[in-house]
Amino acid sequence: MLSYLLFIATVGGIYGLLALSLNLIWGGAGMVNLGLAGFFAVGAYASALLTTAGHAPIAVGWLAALVAGGVAGLVVTLSTTRLREDYLAIVTLGFAEVVRLLAANEIWLTRGSDGISGIPGPWKAALGPAFNAVYFLIVVAALAVVFFVVRRIDRSPYGRALRAIREDAQVAQVAGKPVLRFKTEAFALSAAIAGLAGALYGHFTSYIAPDLFLPLITVYIFLAVASGGTGRPAGALVGAYLVMTLLESSRFLVEWIPGVTAVQRAALKELLIAVALILVLRLKPSGVLPERIPPAPHQAR
Amino acid sequence: MRAWRPALRQGMILLQALVNGLVSGTLLAVPAIGFTAMFAVLRFPNFSVSGVATLGAFAGYLAYGAGLQMAGSLAVAFAVAGAAGLLFDKVAHLPLVKQGALPAAIASIATGLVLENVVRLGFGNEPRGYDRPIARDIYLGEIRVSPQQLETMALALALMLAVFAALAFTRIGKAMRASADNPELAALKGIRPERIAMMASFVGMGLVGVGGMLLGLDSSIDPLTGTRILLSIFAAAVLGGLGSAPGAVLGAFLIGVAEELSVLVVGSQYRAAVGFVAILIVLSLRPRGLLGERAF
Amino acid sequence: MKRIHIGRRAALAGGVAAFASPAVLRAQSDPIKLATLTPLTGAGGSYGPTMAKVAASVVEEVNKAGGVLGRKVVLVSEDDQTSPEPAVRAARKLIDVDKVVAIMGTWASSVTTAVAPLCWESKTFLCTVSGADSITQLPHQGFLIRTQPNSTLQVSRVGEFILSLGAKKVFTMIPQTPFTQATFDILNAVLPKGGATHQSLIYDDKKTTYRTEVDQALRASPDVILANGYTPDSIVLLKDLYRAGFKGKILGFAYSINQKLIDQIGQPEVVEGVYTFAPSPAEGSAAYEKVKAAVGSANPDPYTCQVYDHTNMVLMSMAFAKDASGTAIKDNIRKVTQGGGKTVDNAVDGIKAIAAGEKIDYTGASGPCDFDDKGDILDCKFRYEQIKSGKFTVVKIA
């Protein structure tokens, strides 16, 4: 039972990282990233390939995941940030789909739909059964670091500028803020965090495959950020664990319903999440933890 | 002497790709018109078209299996899809449009998932066929086309003509165009925006549902039928100019042919990527699309 | 010092014995846990349920005869959905939560490739029916055996059969799988020796239409097409080949071109004359008859026969080793399958013989079940059939 709870807590932490990533740009700059699953995949594959075929140490793999995610984020925003938010939505959605296609078809690189198995875990053989607990602590550490970074950004003038862009990009531009550069930087950082989350996931489960990176993950994270409280890093974390709780309790709930097949159970779970997202958006769009806008610092007289 | 043979061969291969592309483009045009029309009137990209296309395909499947002929089944697909569109727009999407196009778009992703899983609940993941007779293809020289393809193409064309005629000649059609063009002015002239919105939801999604069914007629349907064509629908609409129905048709043909030609170059696995690349190119070079962002 | 020790020990023993005995008894009556991980849904969904069923029937018989090492055997059955990702999750649950000592019946090669590292890392024994060569080449340290002939053996026989049909131009259409490259390599070697050319293409097995792929294949004017996918895509492919008016011979593997495919296609003309090929179970043997009875079918598929063998071999290995663990199975399985003793074809007889101190040699429902040190079987027979008027007719078993 304990190992099950640890597993849930660890995956929840990884989702928390993704939620922080989304919160940075959606809650922060009002940009939507429907391609979260794509950046998640990029990081996971980068790290997995480097550490299996490339025999690189795990830390190098994780660093590469950060960089790969960031670079991918830059690539996506290059042609789209000056355009409207709904175009960005479509482009990021398409990006995630293309990443999945590449992962599934460039067999020479990614082993296709067979996936990459045997991804090493840090000190896995030495730790034995304690591995799960230690990995959980690693995820918590990563969460703490990212949370700290994101919160600093949130409270800094940079964060205020991002929020200004979210509220009204034109005004922000008129006020002299380099809108395009800020948006690009924020998106790249957000994508880098998503990439790191992907690497952490791969090394935890030891196996990744294209079918793991479905748009469904993106919906989970949107639900996490929306329900936890947009624009607030703590909200993103709360939301991530809310979603995990919903996911796992729905697994048990659904087992109680008699006469359903495995496929129907899976469908009911997805249905639950989708309906939850609609309800949250409609009924409590600000989420559990309302946004706290820190006041601007006093100007020295 | 026979040096022209290989060139003729290449020419035939290209021609076949063109023919296949025209067929798939015609089928793609139907949901693309629906999507772009909804965008013009309701002002947000509705990602649930994937789920609605699947819903329409399965509704038509049930009707066909129950004994309704082609016309009746298509009508059922249209009605069920349109009703679903109306319901979800009213309950989930439109209330959010006040907050912006984004929250509504995100909600539409969720509703698309809801529809996909409702279908999955009822029918499972196994692909199903419409129980149409499997017939040999017709050969026109070296080019082959199936009788089924011709039939679905004819149906799609007829439907599109009907839609354009309605938009041009009926009162409600003209009202919709006016409202999409300039909502405030239209409202002043007594055209009720809620009525127009409902019309757009119903007809737009109805077209998407019929599109799903037409696609499935030739092959098979499963819960992911609509999701597979989502990117292509967007690409067609964006390429033609979001909000322009003739643009959607033009975009659909271009995307259809581009996808078929791409198969010759990069292999059939990357078909879906063509839509994405097309969107990127359009948004970088000519964001308004080919026919501009005018309504209808 | 020692005295105090003994004294303490005696006290401890006395005190603990009071409520330790139930614990000791409990340990001895702790059930041995085995698992099947078969495709109950997905592309292999027509085989998974019977595979799990035959394992359950063997376990039931053995339990009735007293279990293994005085312990009851419990079977846990999970669905791998014929897909690596759900399979890995299910395997983790079996290994971490259920703590099984052996997993049996993984079907799709991609599933086995994904699950195998989890098994050898946790010293859980894996019995598979997957055919891809790469599987036994994994560093499984002996924790893996497979009862299915590997791709090299299978594809060589397929190539020979195609040549026997008089083929001159062969075209292979296959999705991306762990055995795709091996298939190309072996056919490229075997076919030219018989005077035939070979071309191929790889298709995406999730598509709803294959017109373009069929066009590409027909451009090569083949007289034989090898349709080497799974059932769902083979259904679409055969329909599209028919629509294109292909007049040559079509050959496929029996695991995908099966009765379910014929029923789903619905029109006999579409599948008329299609050849199928499969490793053949040991028909006529007593073990085969037992499988027939256990699953209630006159024609159990080869995978079900193999899982029957998996279950028997695993149980007998544990009895022989007097230890129920993955390592024990790994170290002792060949002693019961090719131990050079009395021939047995089921675990109940085998366990009795082991208890009596005899050497045994297991021969099962899928064949002689003798393994090399990489886990591959040494030999088996193959069955060639052809569809006539919507029914399978045997061409030869060789």
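Annotations
By letter and in written order, the chains are A, B and C; residue numbering begins at 1 in each of them.
Definition applied: contacts are C-beta pairs under 8 Å (C-beta built on N, C-alpha and C of every residue); 3 or more make two chains touch, one makes a residue touch a chain.
Because the structure is a prediction, the values reported are computed rather than measured.
Of the two interfaces, A-B and A-C, the higher number of touching C-beta pairs belongs to A-B.
The central chain of the assembly on a C-alpha centroid basis is A. Separating the CA-averaged centres of chain B and chain C is a span of 44 Å. Our note on geometry: chain A versus chain B, Cα centroid distance of 31 Å, whole angstroms. Averaging C-alpha coordinates per chain places the centre of chain A 38 Å away from that of chain C. Multi-chain contact residues of chain A, defined as those touching 2 or more other chains: 105, 261, 263. Contacts with at least two other chains are made by residues 125, 267, 269 of chain B. Shown for chain C are the residues in touch with two or more other chains, namely 41, 204.
Taken in their complex, chain C has these residues touching chain A: 40-41, 79, 81, 83-85, 88, 92, 96-97, 109-110, 113-114, 116-118, 176-178, 204. In the complex of the two chains, the chain A residues touching chain B come out as 30, 32, 34, 79-80, 83-87, 89-91, 93-95, 97-98, 101, 104-105, 215-216, 218-219, 222, 226, 261, 263-264, 266-268, 270-271, 273-275, 277-278, 281-282, 285.
Of all residues in chain C, only 41, 202-204, 207-209, 211-213, 215, 219, 232, 235-236, 239, 242-245, 264-267, 270 touch chain B in the complex they form.
Across the interface of their complex, chain A is touched by residues 44-45, 47, 92, 95-96, 99-103, 105-107, 109-111, 113-114, 116-118, 120-121, 124-125, 223, 230-231, 234, 238, 267, 269-270, 272-273, 275-276, 279-280, 283-284, 287 of chain B.
Residues 13, 16-17, 20, 125-127, 129, 131, 133-137, 139, 144, 146, 216, 218-220, 225, 228, 260, 263, 267-269 of chain B touch chain C in their complex.
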